Amino acid sequence: MAEFTHFNDEGRAKMVDVSDKPETARTAIAHSSITVNHDIFEKISNNEMKKGDVLAVAQVAAVMAAKKTWEIIPMCHPIPLTGVDIAFRWEEEEAGHKLMISASVKTKGNTGVEMEALTAASVCALTIYDMCKAVDKGMVIGPTYLVEKTGGKNGDFKREKEVQ
Amino acid sequence: MAEFTHFNDEGRAKMVDVSDKPETARTAIAHSSITVNHDIFEKISNNEMKKGDVLAVAQVAAVMAAKKTWEIIPMCHPIPLTGVDIAFRWEEEEAGHKLMISASVKTKGNTGVEMEALTAASVCALTIYDMCKAVDKGMVIGPTYLVEKTGGKNGDFKREKEVQ
Amino acid sequence: MAEFTHFNDEGRAKMVDVSDKPETARTAIAHSSITVNHDIFEKISNNEMKKGDVLAVAQVAAVMAAKKTWEIIPMCHPIPLTGVDIAFRWEEEEAGHKLMISASVKTKGNTGVEMEALTAASVCALTIYDMCKAVDKGMVIGPTYLVEKTGGKNGDFKREKEVQ
Amino acid sequence: MAEFTHFNDEGRAKMVDVSDKPETARTAIAHSSITVNHDIFEKISNNEMKKGDVLAVAQVAAVMAAKKTWEIIPMCHPIPLTGVDIAFRWEEEEAGHKLMISASVKTKGNTGVEMEALTAASVCALTIYDMCKAVDKGMVIGPTYLVEKTGGKNGDFKREKEVQ
Amino acid sequence: MAEFTHFNDEGRAKMVDVSDKPETARTAIAHSSITVNHDIFEKISNNEMKKGDVLAVAQVAAVMAAKKTWEIIPMCHPIPLTGVDIAFRWEEEEAGHKLMISASVKTKGNTGVEMEALTAASVCALTIYDMCKAVDKGMVIGPTYLVEKTGGKNGDFKREKEVQ
Amino acid sequence: MAEFTHFNDEGRAKMVDVSDKPETARTAIAHSSITVNHDIFEKISNNEMKKGDVLAVAQVAAVMAAKKTWEIIPMCHPIPLTGVDIAFRWEEEEAGHKLMISASVKTKGNTGVEMEALTAASVCALTIYDMCKAVDKGMVIGPTYLVEKTGGKNGDFKREKEVQ
């Protein structure tokens, strides 16, 4: 049969071939955050939001989003995750109360889980926004970034310090 | 039958009842961003990324994510969107090249589309991260925030200025 | 063009046409349950399960499943739900501790939400099983049944008493 | 705030705004087909395929795909379908036995259901391929095309004759 | 960076880490049931339901649900299933005709498939309810329970007798 | 417990057991096409379609559909794909301009990826239809067929020549 000319070769979207990469243990940790006003901070802490326990729902949303990352990010490879964990920490800032979000993801596979950790952290923050937006729509999400990754032939990554 | 005691009433997650809210035209605009190094900026601009045309793929991902918001954010109501549009703008910053992302969403329904706009903007940034991460994993996403919303009985929202 | 002969007419699966049914307010309530041993009852009550707060996660799962019912049940019509609520009640039985689950669903549409309520109640029970199965796999789910529905031209339905 | 320059305006993917289009009754019918060898024809007719009753499974797959069209086709609007029906007809051709597939879709909405009918017909044929491919991988799907559509301001469409 | 304080450690939902569990062959069988009145029993047996061949559709729904279990049950690990099979058996009971449902699931992985079997059996019953509910809404689903599982380091499980 | 009688054994849909098939490298290539009129050909080539860059969006849709094949085709096994690539070629035909679509899929697993390649090619064509249908609804998709597959114990498949 005639060959296909990749006439738009330079701009062609594809899921790159990872068939030959070995299966190794891989981990990634990503951080995001959401800055809220004092009223929301109080309502989250005292569990008074009308839609429910904000952090409990956000954790569930984050774990489920990690598993769906390959559906949401077009060129991501599907990976069977082996573990997902979400943690929180409040920080006082001039702009308000900042809820730090940490998402840790593990797998044993032939490609990394950076996108799964970043997606989990982002969806966690978005869910908190959703559950509190009836009180104030001025909340700010992020910055969102990779903190570290291990596994794979390209070496590990470790960010020196938190992004402000 | 015996009544259910809402023993965990204070922390119960639920999808709040919007049956009695009228159907009105609604819009929302959210911004996110991704800060990249000079190498990635050049490769995006010149369409040299191995996974494809970065911005074209990110726009598609963002539109599709807007439609899936109700699946990703647990207490979000399903809404049949009538329009989604994504736009970009480069800004030069000290920290690097910052790609500003704007997501506009429209519907005619009984609840707002803030979450759809925020989710679209977030997934747009995440997709760019995915397509460029082979070059540098230090990219930073966001801040991500609502810029404006119209429609609904609670009045419009308009942010005064960009979040830095 | 030639007519299609519905040669397997009697057994043909189809999504029945509801185009001409009027949009009315509709509600449905379904019950399910899960019977657990004393050890699990204690661990749920004291929030000691390794996978997290069992009832909080189960509520989230139930709400999300209600929204996905049309994806899970093949001939179900897609319906934009306007409200979902889940409640619990413990009952002591000879067979063990029985957690009663009630799922209430609302919409304004041209078909009922019985399946959404039944699916939410079922997934709620399945999620509890998942989170407790490391302790005991002998838990029993259900019976699961419709308790009441309102709205639609076919009249309301109200079950007289709980199914044992 | 500064305006976004739609620097890639010509190539920007978007879900076009249909907010102002009126809700009307809409229908679409699409045809596809699959041409199989004599062995497969016999096995389908006698219900001897190892994976199950081929046409029954294909009908279910087609109905479910119609409902998921907005998830599969990036710029498609989500539409709550009100009816989906699939029918079959065998035709004898020189190339083999050709199973004609007809998918009819209905809704009441502000955009048409052509894509839902085409997707249902395509997935119906793909499912038949899947269930018979252990016998022969040489089956050919299609052509697949729109037969007619009604509703909407742009007028109806009616194809004159079957595509060979 | 500062450590995250797991301030809500006791109630934190997470997908537990199974990275170190070995991949072994695993199977699970779950049972559910649906009790229907005589009219529905006749209509299912004679294939006279308006929505199609009830059991054929229910089998397809069950297989598809088994594959989607990780999407439906929040803390479930995604597992690539290698086999799913559904079987039926009618039993005469005082309360009516009881259709027993058996779902068998297989995989080769590092976590069990109990949830996949239970979800398949539940969705099978829910689908039958959906296809027959126009005749009678009084049908009762379940009890639903695990019958046996094999594989994994925690040993096999085998229920002694059917749950009534 | 009593045995289940597979009373509808001949017609039972199931996902066949592949647990004992070895994991090997597998590839598949499928072709589809879409025949468009001169106006559409010009608009695609000059990137003047209102919905965006047609081929860029279609490639993304095709890659995402390949990953979702197990969700769309009922009896398909879920497979973690390792690579997906889409290419195009224009051919001049009497009936109009025919855009040939080639979808290549790779995995390392215990079942083939023919369905993933066929689904990707089909969804690619459907997406092009969607993006151009405002100009002309007479476009024809396909034929769609498998071109080659490698891997697995049943031997390779290679089609001799293009289907017209």
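We just call them A, B, C, D, E and F in the order they show up, numbering each chain from 1.
The definition used in the following text is that a residue touches a chain if its C-beta (ideal position, glycine included) is under 8 Å from a C-beta of that chain, and two chains touch if they have at least 3 such contacts.
All of these numbers come straight from a predicted model, not from anything done at the bench.
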{"item": "Common touching chains of chain F and chain D", "value": "B, E"}
{"item": "Chains in simultaneous contact with chain C and chain E", "value": "A, D"}
{"item": "Angle of the C-alpha superposing rotation, chain A to chain C, to the nearest 5 degrees", "value": "180"}
{"item": "Interface residue overlap between copies chain B and chain C, same or different (over half shared)", "value": "different"}
{"item": "Chain pair, A-F or D-E, that carries the greater number of C-beta contacts", "value": "A-F"}
{"item": "Centroid-based (C-alpha) most distant chain relative to chain C", "value": "F"}
{"item": "Whole-Å separation of chain centres (CA-atom averages), chain A against chain B", "value": "14"}
{"item": "Inter-chain centre distance, chain A versus chain E - centres from mean C-alpha coordinates, in Å", "value": "30"}
{"item": "For chain B paired with chain F, centre-to-centre distance based on mean C-alpha positions, whole Å", "value": "30"}
{"item": "Centroid distance [mean C-alpha coordinates] between chain E and chain B, Å", "value": "35"}
{"item": "Residues of chain D engaged with two or more neighbouring chains", "value": "11-16, 52-53, 56-57, 59-61, 64, 68, 71, 74-75, 80"}
{"item": "Pairwise touch network: line, ring, star, complete, or other", "value": "other"}
{"item": "Chain-chain contacts as defined at top", "value": "A-B, A-C, A-E, A-F, B-C, B-D, B-F, C-D, C-E, D-E, D-F, E-F"}
{"item": "Chain D contact footprint on chain B (complex, rising order)", "value": "25, 55-56, 59-60, 63-64, 66-68, 80-89, 100, 102, 106-108, 147, 161-162"}
{"item": "Footprint of chain E on chain C - complex, ascending", "value": "10-16, 32, 47-48, 50-53, 56-57, 60-61, 64-65, 68, 71-76, 114-115, 118-119, 122-123, 125-127, 129-131, 133, 137-146, 149, 157, 159, 163"}
{"item": "Residue numbers on chain F that touch chain E, as the complex places them", "value": "1-2, 4-8, 11-19, 70-71, 74-75, 77-80, 109-110"}
{"item": "In the complex with chain D, residue positions of chain E that touch it", "value": "52-53, 56-57, 59-61, 64"}
